[in-house]
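There are two complexes below, and they share chain A, which is joined by chain B in the first and by chain C in the second.
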Partner chain A sequence: MSVIFVVLIPLLMAAILVSLWNVPKGRKVIAIIGSGAHALAGAWLLTTVIQSGLVTKNISGWIPPFGIEFRADLFSATLVALASFIGLCVTIYVHSNIDDERTNFGFHPLFFVLLGGISGAFVTADLFNMFVWFECILLSSFVLLGLGGEKKQLRGSLNYVIPNLFSSMLFLTGLGLIYGATGTLNMAQLAERTAQINPSTAALVTVVFVIAFGLKAALFPFFSWLPNSYHTPPTAVAALFAGLLTKVGIYAIIRFVGTIAPTTASAVLPILTIVCVLTIVIGSIGALAHTSLRKILGYLLIGHIAFMLLGLIVPSQASMAAAYFYMLNHILVITCLFFFVGIIQWHTGQIDIRKIGGLQAKYPALAIGMAIPTLSLIGIPPFSGFWPKIGLLQAATDSPIFFASIIFSSFLTLLAMAKVWMTIFWRAEVTEAPEMPPCPTTKALPAYLLAAVILLISVFPAPIADLTNRAAKEFAPYFQINGGDQ
Partner chain B sequence: MKSILLQTICRFIIPFLLVLSVFLLLRGHNEPGGGFAGGLVAASSFALILLAFGKKELRIAMRFDPKSIAGIGLVIAVLSGIPAFFIGEPYLKAIWFMLPTPLGPTKVGTPVIFDIGVYLVVIGITVSFLEDMDE
Partner chain C sequence: MTELAVAILTGILFTTGVYLLLERTMIKFLIGLVLLGNATNLVVFTCARLVRGAPPIIPKGEKVLQPPFADPLGQALILTAIVISFGVLAFSMMLIRRTYDAIGSDDVEDLIEPLSQDPTEPESAL
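After this line comes the complex of A and B, so read on.
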């Protein structure tokens, strides 16, 4: 039941909020209540899966392959729970961030369609249904990017939608190919049948899907749409996108290669390794070249996203667990950083680091709060980013080039964030900032809450490490087939 | 651009169109028709009002904001899957039962509720598109 509620609640909320289109009062409060319910459903799903393992449900009672199956294992349930928690934080953050013009043009319904799409993509066990959720995500996020109608927003949303439509087209092509070859679209059945079909067909299908998902995940060479579109929308939207959207692409790659087509992984792994390394290197270098806070974070996001595929590239439970831990931590950290950037923008009216200075003297609490996700992003011990990174490094000893790129990226991340920190916090104030009212509580609360969660994980990483270990065990067949240690 | 001919015909034709749309909606499960087709027919009658009388009269005729109608339709469609929970079946599982009506026992079930939701969504969305294009 819980596996249905995580998708049902956001969709119902979207429907309710559409019917309140002309009733501006109370919309934001209803949205927060709905997000809270969604977060509870996510937590419920996660505890059910932790206690009793796999949860499956056939929608409307049709058995696969005729009907759609929802399936939550630990790998997807944790992501859903985290996504719904991030959703709650963003809804609270939005309370003071989104102006009336945007709420009047349907910000909240779109937001819930996006959340429903993300949850649906995580729990569906039907490849075509996953396409449908991807379309939900794409359409709602396209409009969210464009809402407000500023010139640069339109450019940003076009930058976003064209590559993503291309990716949808590839996804659909791949669906046709795989359905023609196997006669099913249910993931469990596909996993049995992909081993039996013609290996070159299987390899072709895998390549098509990996390119389609790689585009969504902003892997090299399809990354340039991300920093060009994520810097334009309101920070709350950017935080949600940065935290969750690319991870859906990564999830789909891991799900496809790791669960559906483990036998053909050997055909794509050499290319995937090079792609990942280039993504890491180019993303990290890109972060150094920019001065807009959001673009820096956008490039760092690209630089880090490829780490999460290490579990496929080095097929072992330890590497998958570390990569998964990294992914969960990264969702929290990058969302938190975007929240803080929003607060900085509130105080100074700027996101260009050349025009910001002296924040530490003026806002010491902000400096302390933002230090936590920053240090965690770089991976300084004992902050939460350090624990998965040490695991990644241990696992990557089998792949020297990956090992080197992790080290390289960590140094460049350090350099980029140090540059940001020294300019905006430590140097003297550059221009007289306009006098702004103090930051509203609803804006500060989610940022500091996430920082506190990150701090908590830093001090007690063991439960999360346990969880990720158990989640990684679900890919045991993949490790066996591809000669890992499991 | 308001034509007296169109206005007069509208007054005759719209009741029939609306009845036809409900007929299409209700026969839809096993025969051609259903929420989508019925909704389009109903929306076309509102489109006629828009053409013949203008936006102000359309709002009076519809009584509600078309976007809210679409939203309420969505809510109904989403909720139509909920009754299945009470008999321990998964979401959206169809529940059918016979309802005694003056015309004899009729088969009704949760898919009819879903179709009514679709009907409202189609009306709401189509009319709100047309209204926006009318400007």
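After this line comes the complex of A and C, so read on.
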């Protein structure tokens, strides 16, 4: 086994599924097997990295910096493992949740290209290679979003495509500038050289990259594409996007500022702090204004995404560990919530909370299942969202404005989710729901599975906290340069 | 000198590209995308040094390349970027065409859904 398997398996699956274009039977089962293999590869990578600390692979045997290096440290390996697990859940969910029209037009190959792109972006140690993986993610997500060609989907697609294309251009511009200034694209070599180049050039490059990645991560003021597009595709696609795509942007920002250009962080941190605070505040307020379940979750996603940059803003191992823990937990929670929204949509045919009611009486299991990610999202103790949040608050005492915005956002999240809960679960049924067959097992299984995982983390947070602590240690040079305590 | 000229050209392309991206008509957006793509490629091209008539080939008997030479890697990067932007452009064209067919307008303003969306319209069960 080698680190490239986490990228090769999904790409190979995409190739296999393209060749089965005209064989509709068994496509979904093959996809589940492929995802399972990918999840196994991800788990293997994580256990190997936990034991040895680092797994690298030089593609075609070219030694870095001449060739492209794949490099999985704990920070990326955990994300790859989690992404492959989410991928497996989504493939199972898709089994009953995607129509023939979409599978006939290549849903599965695109899904695997997306998964391969995400894994590749996490493990690559070459900045241009990261650009290529970003394009992989981008193109497959464009098509996944538009696949089906419903009117609202096309609207959503354009809202998504325009800013993301602009972000790619900025990424490429930044690549050109940093290559011109340092003469390399290998991340380890870049980290040595960015300290030596002209500080204003370095600051310019960092700003260009942070804007490019910030656009993908839906930070203020580049967030409006997210709630305008994430509610349009089928739930499985929306769950995958919400769980993983914005986190790739966050990962790229942390990787760039934390590893590649730690010396220029002081130039962008003041702005980044304001951007994060505004993202948190606006995202949380936006969640209150909407009545569509998916839009509420979309805005909450924006409101929470900026927490994950606290590790950069307050440079200490504790804050990075807490932010990373929060990120891992958030991937699970938001995907799980989107799955449950899909189940609600199955039962009621609606996602507008004004039209849904009385779910608790009719579907008690659904209420119990959905309560877990909801409480975890808000951060109610002892659910899994509480543990990283308390770490975040402890770390944020150095940045009072961030501290205040975390509290503010927690309350607004509570308010938004309480509104949702009281409306759709506790009040009486408002409209006669159409008689639907019971929810298919493959649709319910991943949702409850994720809820069980969240519950497990809630009860045993120590191993994850340990893991995130070790992962945060990998950014020790960043904390040193920027005057953190480690 | 060449660098300065290319830098100014890149600036003009970036400005026009961003201006067109902010237009309300989708076709203008598409043209803006093309200009921005070219501007970006020119940036990478310039950053890899502009040297005429000096292919990066190590002469016989030498061990390393003697400057001045243009960095071939930068040009290889552009090649990749051009291929990618070609694909992206083709996709965007189709998407805009389909959107135009669906909503009957090429005004970006019409992309925004009306806020008071009729909640009685049922969602598909997907």
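Throughout what follows, the second predicted complex is superposed on the first by the 485 of 486 C-alpha atoms of A that agree within 3 Å, B and C clash if a C-alpha of one lies under 4 Å from a C-alpha of the other, contacts with A are read in each partner's own complex, and residues count from 1 in each chain.
In the analysis below, a residue touches a chain if its C-beta (ideal position, glycine included) is under 8 Å from a C-beta of that chain, and two chains touch if they have at least 3 such contacts.
The structure displayed is predicted, hence computed values, not measured ones.
Undergrad: For A:N159 in the superposed arrangement: first (chain B), second (chain C), both or neither?
TA: Only chain C; A:N159 stays clear of chain B.
Undergrad: After lining up the shared chain so the two structures overlap, which partner does A:G349 touch, if you call chain B first and chain C second: first, second, both or neither?
TA: A:G349 contacts chain C only, not chain B.
Undergrad: For A:F105 in the superposed arrangement: first (chain B), second (chain C), both or neither?
TA: neither
Undergrad: Quick check for you: in the superposed arrangement, does A:S60 touch first (chain B), second (chain C), both or neither?
TA: A:S60: touches chain B, not chain C.
Undergrad: If we overlay the two complexes on their shared chain A, which of chain B and chain C does A:F408 touch? Say first, second, both or neither.
TA: neither
Undergrad: Applying the document's definition of touching, compare chain B and chain C: which contacts more of chain A?
TA: C
Undergrad: Classify the contacts of A:V18 with the two partner chains as first (chain B alone), second (chain C alone), both, or neither.
TA: A:V18 sits against chain B, while chain C stays out of touch.
Undergrad: Contacts for A:L8 in the overlay, against chain B (first) and chain C (second): which applies, first, second, both or neither?
TA: first
Undergrad: For chain A, give the residues common to its interface with chain B and its interface with chain C.
TA: Dual-contact residues (chain A): none.
Undergrad: Write out the stretch or stretches of chain A touching chain B in their complex.
TA: Chain A reaches chain B through residues 1, 4, 8, 11-12, 14-22, 57-61, 109.
Undergrad: Under the stated contact criterion, what part of chain A meets chain C in this complex?
TA: 97-99, 128, 132, 135, 138-139, 142-143, 146, 149-152, 154-155, 157-159, 161-162, 165-166, 168-169, 172-173, 175-177, 179-181, 183, 228, 234-236, 291-292, 342, 345-346, 349-352, 354-355, 434, 436
Undergrad: In their complex, what parts of chain C are in touch with chain A?
TA: Residues of chain C touching chain A: 21, 26, 29, 33, 36-37, 39-41, 43-48, 71, 73-74, 77, 80-81, 84, 87-88, 91-92, 95-96, 98-99, 102-103, 108, 111-113, 117, 119-120, 122-126.
Undergrad: Which residues, counting only chain B, touch chain A once they are in their complex?
TA: 65, 67-68, 70-72, 74-75, 77-79, 81, 84-85, 89-94
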